[in-house]
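Shared between the two complexes below is chain A, which has chain B as its partner in the first and chain C in the second.
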Partner chain A sequence: MIWQQLANGISVGSVYALISLGLTMVYGILRILHVAHAGIYTLGAYVGLLSFRLVDNFWLSLFAGMVGAAVAGYLVERFLYTPILHLSRIAPLIASIGLFTAMEEAFRIVAGPHTLVYNARVGLGDLAIGSFRLTETQVLILLVSFLILLFLWLFLTRSRMGLAMRACALDLETASSFGVNVSAIIAMNFIIGSLMAGAAGVLIGVYDNQVWPTMGSIPAYKALAIVVLGGLGSIPGTVLASIIVGLSETFFIGVLSIPFPRDAVAFIAMILVLMFRPYGLLGKA
Partner chain B sequence: MRKQGLLSLVLAAVAFTMFFVGAPVAAQDTVKIGFFAPITGPAAADGMSAKNAVELGWKEVNDGGGIQGKKVDLIVYDDRLKAEEAVAIASRLMERDKVVGVVSGSYSGPTRVVAPIFQKAGMPMVAGYAVHPDVTWNPNTKTSNDFIFRNGFLGEVEGAAAAEFAVKDLKAKRMSIIFMDNDFGRSISAGFAERAIKLGAEILSKQMYKFPGEKDFRPYLTTIKEGNPDVIFAAGYYNEAASIVRQAKELGIKSQILGEEGFDSPKFLEIAGDAAEGVIIATNLDRDDPRPVVQNFLKNYRSAYGHDADMVGASSYDAFMILVSAIKKAGTDPKAIRKALLETKDYDGLTGKISRFAQGEVVKPVQIQIVKDGQFRRRAIIDNPEIITPPMKK
Partner chain C sequence: MTLLQVISLSKDFAGLHALESVSFSAERGKILGIIGPNGAGKTTLFNIISGIYLPTAGEILFQGKKILRMKAHRISHLGIGRTFQIVRPLNNLDVETNVLVAYGHRIYPSLWKSVRACRQREALQEVRGIMERTGLKAYSGTLAGNLPLGFKKRLEIARALALQPKLLLLDEPSGGLRYEESFQLMELIRMLRDQGIGILLIEHNMQVVMDLCERIVVLDHGIKIAEGVPEEIRSNPQVIEAYLGRETQHA
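Presenting the complex of A and B:
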């Protein structure tokens, strides 16, 4: 049963990673907390669901959800953050929170307050070994997350644009003075982060078989805690922190049977890290 | 042009006067009944269901000649599942609308807040399905709210009935319990556990999950799977219920899932899909009850709204009809209505035959339903008086 709980925890953790990575990448370059990222995640789920109902193919709907989220992420960067970047850091934060609230209300008005069903047949099948069982949706989450993380890693380490992006994260002005097209890099940054959030939205929609207007409200703050836990701006740190939070939530509930609100785990972990390692698990001091 | 403008001004003034002077005159020949439900907001699905069902009952009463020749005027308010909204509605119903009785089609939150207000004002209220004990009971003075009546079951009663069914009918000996962290979840699972232990069953695990917000029940269910119980008693509303049964099926759990009235919604069947098949629930509506009051309601609801009625709608409809029948007997004086409600005996209700009200709590059989071919069907009826008589408070 410990293996089963491990599978439960890593599945949840993988989705946390997909959501949190966009947040940490945006912080890494622009030093702003992109709260509306959770709205992009919800949008991805709705776009995915809508296209699933239109074309009845899960993989196409996953693609549509990712693209929809990426477009939205780009628009947010271009028309919300870029015009106010010269202001103090609190301005984009407030704008971001406002946008997130507005998005939640928009989802409610457009799609209705009710939970919608994302009953997609993925076509992967369960993976059962004895009493251990990786359910179809868990196979899906692990597979998609692994592929996305692999692409992200290859992109950041093997491509010129990835190199430019890492340079921007180190120092925006120096990178700019070496001829890096900073505004293109920032846009790319939002697009990649939003692609992952859109994928997370679709995956959770299928995993829970539910899409609803406020599905982003818990990820909105949990992802912040995860990003801080991993070390603000650190990509490997965020992935590690996500898996740790997913696993500890699952083990608190399932193995230790502590009647504990699971959403508190990320924050307790964050507080502990801030006390003993304020720059996060893999952040730089 | 000018003349025409003057004419419309005069007409408007006449209409205006007629509206305000005319209204009180009209009020005298109608019987006003107040109603509130969470028609928008997070519980909108249940609120709409309650409103639809009560409006159906309202039309039936008026088509049948009203109450003692007077038409019934149903005054509907949306509490948006907010207690503060419900308080405003309570005073509006009494001061402006001058109703003679109130029906709650809402959850415990709004209902328990307005109950002491109506109690103090001597205004009778019948609650459709709100489960909190403090609806009919004042915990500060330790006295019964004797103007307030409840048509739904207390959590303890419904939980005990589910345990009675599990042990005596399903012959289950080993049980696991999973329930939401709210009053209803705690009281119904306590009622279940108490009765199950009394009947000699063993409780393997008892897990409480966060409410609202929990979507991933796999960690809980994985623990339950390890114990391999005969029955899993699960408490939750339709979203949680659907997630629990779906994820249990995904994880290959073979134990019988036994739920409660929170499962009793078309939304549960929709979200859970195939996984709902075979799930058994304890609830407050028997679709296979041959009495005309049940079959006519189910048929009329379906033809009026295009989808099937649920427990929430049926319970609210019943609450409205119970109040109407008391007014028919006693007239429009609130004290006389309350007396008629207290004297309710063998009432032929949509959600079962009500033998009486005890401290405002309904005494009637609990329905056990099973999902067959995507529909709730009769499985058993629990009428053991030891179970269905609510515990008296002192």
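Presenting the complex of A and C:
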């Protein structure tokens, strides 16, 4: 029973990580809150669903959702944020909220207000060991998020561009005077963050077997709470916070059966942690 | 050989003339001192040469090529390295990685190459060579934020060297250092000059300036008031006035 809940919590948490990491990476480098990131997540789900209906192959649709989200993320960076970055930080924030609302409306107009089913056959099969049981979509989520997080970690710590990204997150001006093409690195942050959000959109679409225009609303503010909880701009902190929130949601509702709104857990956790660690779990002053 | 030509460079900040029609040139294998009282426009000059600010007017040629309006990273690729007056190490990375960041950028011009491994043997060899030359070898695994100030200053230089610069802009390398630390740093700067690197040196410590520089440019309120060898600068009445104020005239 406890192992079951643990597995459930971790799979929920890994999807949170995929969504929140893009937010962390953008905040880490530009110090702006990319609220429209949740719109990118929803877009990923729609692109995935559309391509699934066209080609009837889940893995191709996952790939398409990620690529679609990445392209959208890049366009948002180039044409929305970059032109207004020199203004006070409230300007990109308002632009971002505006874009998020506009995206939700666009999804409603284009795809319709109703819920669409994303009934994909993944081809992995359920995993059962005694009474411990993972559904096919849980296996899928754990597998895909693990691979993506592993790839991200290798990329950031081993590749030259990953090194440049870490340098830019620490000091943009210094990095540029040591030869780092800062605008390319900023674009890369959006592209990688959006790839992960697109994957999360597709995974949740398949897990819940539904895609709808405002599916990004709750992740929008929950990811914000997770990013603050982990320590703004800290990538390991975000992963840790995501897993903690995923687990506490599962345990509060599933094990203790406390009648408690599930989506409030992230905020309670954020408030509790900030009372004792104002910079979040792994944040720095 | 002329490396850098600065031609009637001006910069206004909201009506304040930070630089007014400043011209000079720097040569390879020579140290050119840039001195002047606080607010003379020295750091502004460095920020323009390294591509952080755009000037209001003027032109800069590096090896005969116009570099104004180039992005900062392009300018550093051409071979202009700089250090900051207030040291800015990438605190959360160790010393070796700090140097590696600067080294990497010279060798990955294309997007594709930049996804390859950063810790290749040739890169590490080069980086370790630079750390040995700058006396940082013993600290290679230390987080840059934990270094003592003297070594942070060395790290600034080491990172600039990783660009294999033809020209180095050093902004007060000896500021805040004890005597022996600044003495060691001077030795390092001389060694770099002898390797043929051109050096622009902003410095407040007159002893250091007079000992190191072949020529000196004096700025005051954004205007070049003197240029010459140390001997000339030392006895130039305008320079003395800028530093010490006008002598009171007694009747």
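Worth pointing out:
The rule is short, and it goes like this: the second predicted complex is superposed on the first by the 285 of 285 C-alpha atoms of A that agree within 3 Å, B and C clash if a C-alpha of one lies under 4 Å from a C-alpha of the other, contacts with A are read in each partner's own complex, and residues count from 1 in each chain.
By our rule, a contact is a pair of C-beta atoms (placed from the backbone, for glycine too) under 8 Å apart; a residue touches a chain by one contact, two chains touch by 3 or more.
Predicted model only: the values in this text are computed from it and were never measured.
With chain A as the common reference, chain B sits beside chain C without any clash.
Using the contact criterion defined above for the overlaid structures, shared-chain residue A:155 touches chain C, although it does not reach chain B.
Once the two complexes are laid over each other on the shared chain, residue contacts for A:42 go to neither chain B nor chain C. Contacts of A:181 after superposition: chain C is touched, whereas chain B is not reached.
In the superposed pair of complexes, A:218 makes contact with chain B only, with no contact to chain C. Chain A is touched at more residues by one of its partners, and among chain B and chain C that partner is B. Once the two complexes are overlaid on the shared chain, A:164 sits against chain C while remaining clear of chain B. Look at A:61: by the touch rule set out above, it reaches neither chain B nor chain C. Across the overlaid complexes, the C-alpha centre of chain A sees chain B and chain C at an angle of 150°, to the nearest 10.
In the superposed model, A:173 makes contact with chain C only, not with chain B. Nearest C-alpha atoms belonging to chain B and chain C sit 38 Å apart in the superposition, given in whole angstrom. Common to the chain B and chain C contact sets on chain A is no residue at all.
Residues 40-42, 44-45, 181, 205, 207-210, 213-216, 218-220, 222-223, 225-226, 239, 242-243, 246, 250-252, 267, 270-271, 273 of chain B are the ones that touch chain A when the two sit in their complex. Per the touch definition, chain C reaches chain A in the complex via residues 50-52, 71-73, 76-77, 81-82, 84, 88, 90-93, 97, 100-102, 104-108, 111, 113-119, 159-160, 162-163. Of all residues in chain A, those touching chain C in their complex are 155, 158-164, 166-167, 170-171, 173-184, 284.
The part of chain A that touches chain B in the complex is made up of residues 1, 4-5, 8-9, 12, 113-115, 117, 119, 126, 128, 131, 133, 135-137, 207-210, 218, 249-251, 253-255, 257, 259, 261-263.
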